[in-house]
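Chain IDs A, B, C, D and E follow the sequence of writing; residue 1 opens each chain.
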Amino acid sequence: MFIGEVVGTVVASQKTDNMNGLPLRIIRRLTPEAELTETYAVAVDVVGASHGEYVLIATGSSARQTQQTDTRPVDAIIMAIVDTWQVDGQVRYTKQIPLETPI
Amino acid sequence: MFIGEVVGTVVASQKTDNMNGLPLRIIRRLTPEAELTETYAVAVDVVGASHGEYVLIATGSSARQTQQTDTRPVDAIIMAIVDTWQVDGQVRYTKQIPLETPI
Amino acid sequence: MFIGEVVGTVVASQKTDNMNGLPLRIIRRLTPEAELTETYAVAVDVVGASHGEYVLIATGSSARQTQQTDTRPVDAIIMAIVDTWQVDGQVRYTKQIPLETPI
Amino acid sequence: MFIGEVVGTVVASQKTDNMNGLPLRIIRRLTPEAELTETYAVAVDVVGASHGEYVLIATGSSARQTQQTDTRPVDAIIMAIVDTWQVDGQVRYTKQIPLETPI
Amino acid sequence: MFIGEVVGTVVASQKTDNMNGLPLRIIRRLTPEAELTETYAVAVDVVGASHGEYVLIATGSSARQTQQTDTRPVDAIIMAIVDTWQVDGQVRYTKQIPLETPI
């Protein structure tokens, strides 16, 4: 798997029948130090990630090991939303929990 | 998956039996900013894409998850024609709908 | 798939049992403009390609989707011999049909 | 497979159902001379590796050939902890056995 | 497949159960001109190759298409020992047959 940021969305109305209803996201790959790279993938989102979130991407036949993508021509999925990660004992990223709006 | 532009066609009369009738297209990979790269693939078109259209390519065993390509030696397919995509809140590409010829 | 030129042959007498009788060819990858690159693969030839011919290579599990390579440890095959291809409306390559020797 | 060092951990609470309980590690790839590279992967640990240990990573569908990862959307696993390796007759790495604390 | 040289060995005592008894070799990739590159892989040897021999490596799910590696988390195997290869009509490598010791 690799870590990436959800940066965009692809809309495609003409596609193979079995792809209807699967949201397609553009993901930019991140380094372990949380820097954006130029490498990207288009992945099916099966966990409901939002724009700007950091996610884990599984590729290849492993992308079909979910109920939504089984037997579909999908070679990359968002299989997790990252809460936090650390490298060499240092936290490199922690998901910001949005503050609740005061009443 | 990755986004590419249909730029060409390959004709091959001598091929494995089970490949007859499958159209082979040359696809150039695009960046998320819709710039052409030097990376290309030859893919089987299962959705009827035209020259110059932007498409989504699925690779590996996922390319066999369609009725047309099942059990065939195909490692890349055009599985969708892109209508539009956006990155960082900006539309980077929208398919041009050809104007109808006036009567 | 990618387009390549058949440039060589590999001979290996000690191999896994199920590989006997499968011809191994060295293939150099070509650009869509028909220029040779440094990238190469060793592929099993299932269509009877000759030295110097331009061919299509399928990789990964797709290379096992033929009668000859089914259940064998093969990750690349020549699955077609290219007759011609065009990019951006221009023919980039056409297979030379050898002239018949006059009687 | 490739050799890597366990350098970090990823925590993700929102993920596909079948991924619960599988520890996710960040692995940096090593050269055969035991030098760290910039290439990394996120892999599921099925052997109980510790931070700083050198491990073997299997990728693709092969990552699902264990009891813990079977039918799960996993494309990389730690499948072994390296004790030692040698290249060209020279030992390049040997795992340090921690000295027992004297009584 | 690609051609490589057997340059080393990896020893790993802690590994997934189904990996016991499979020898792990370090392989450096060769160019078609028989020059060593920096690219390497760790592969399971199923044909009994020796240090310094030139071999063919199959990767991905194809690496599991042998009796020894079936259903095991193996993504690369040595599937053949190269006797000789030629490129563009020139022999680039021929395996040296050791001279028999005179009596």
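We adopt the following convention: a residue touches a chain if its C-beta (ideal position, glycine included) is under 8 Å from a C-beta of that chain, and two chains touch if they have at least 3 such contacts.
Bear in mind the structure is a predicted one, so any value in this text is a computation, not a measurement.
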Checklist entry - Which chains lie in contact with each of subunit A and subunit B? => result none
Next on the checklist: Give me the superposition rotation angle from subunit B to subunit D, based on Cα atoms, as a multiple of 5 degrees.
Outcome noted: 145
Checklist entry - Measuring from the mean C-alpha position of subunit A to the mean C-alpha position of subunit C, what distance in angstrom results? => result 36
Checklist outcome for this item: Whole-Å distance, C-alpha centre of subunit A to that of subunit D, is 22
Item to check | Residues within subunit B bordering two or more other chains | outcome: 60-61, 63-64
Checklist entry - How is the touch graph of the chains shaped: line, ring, star, complete or other? => result ring
Checklist entry - How would you write out the ring, from subunit D onward through subunit E? => result D, E, C, B, A
Item to check | subunit A partner contacts - residues on subunit B that touch it in the complex | outcome: 1-3, 31-32, 46-48, 56, 58-66, 77, 79-89, 92
Checklist entry - For subunit D, which residues are in contact with subunit A within the complex? => result 7-16, 18-19, 24, 26, 28, 38, 40-43, 51, 60-61, 63-64, 71-76
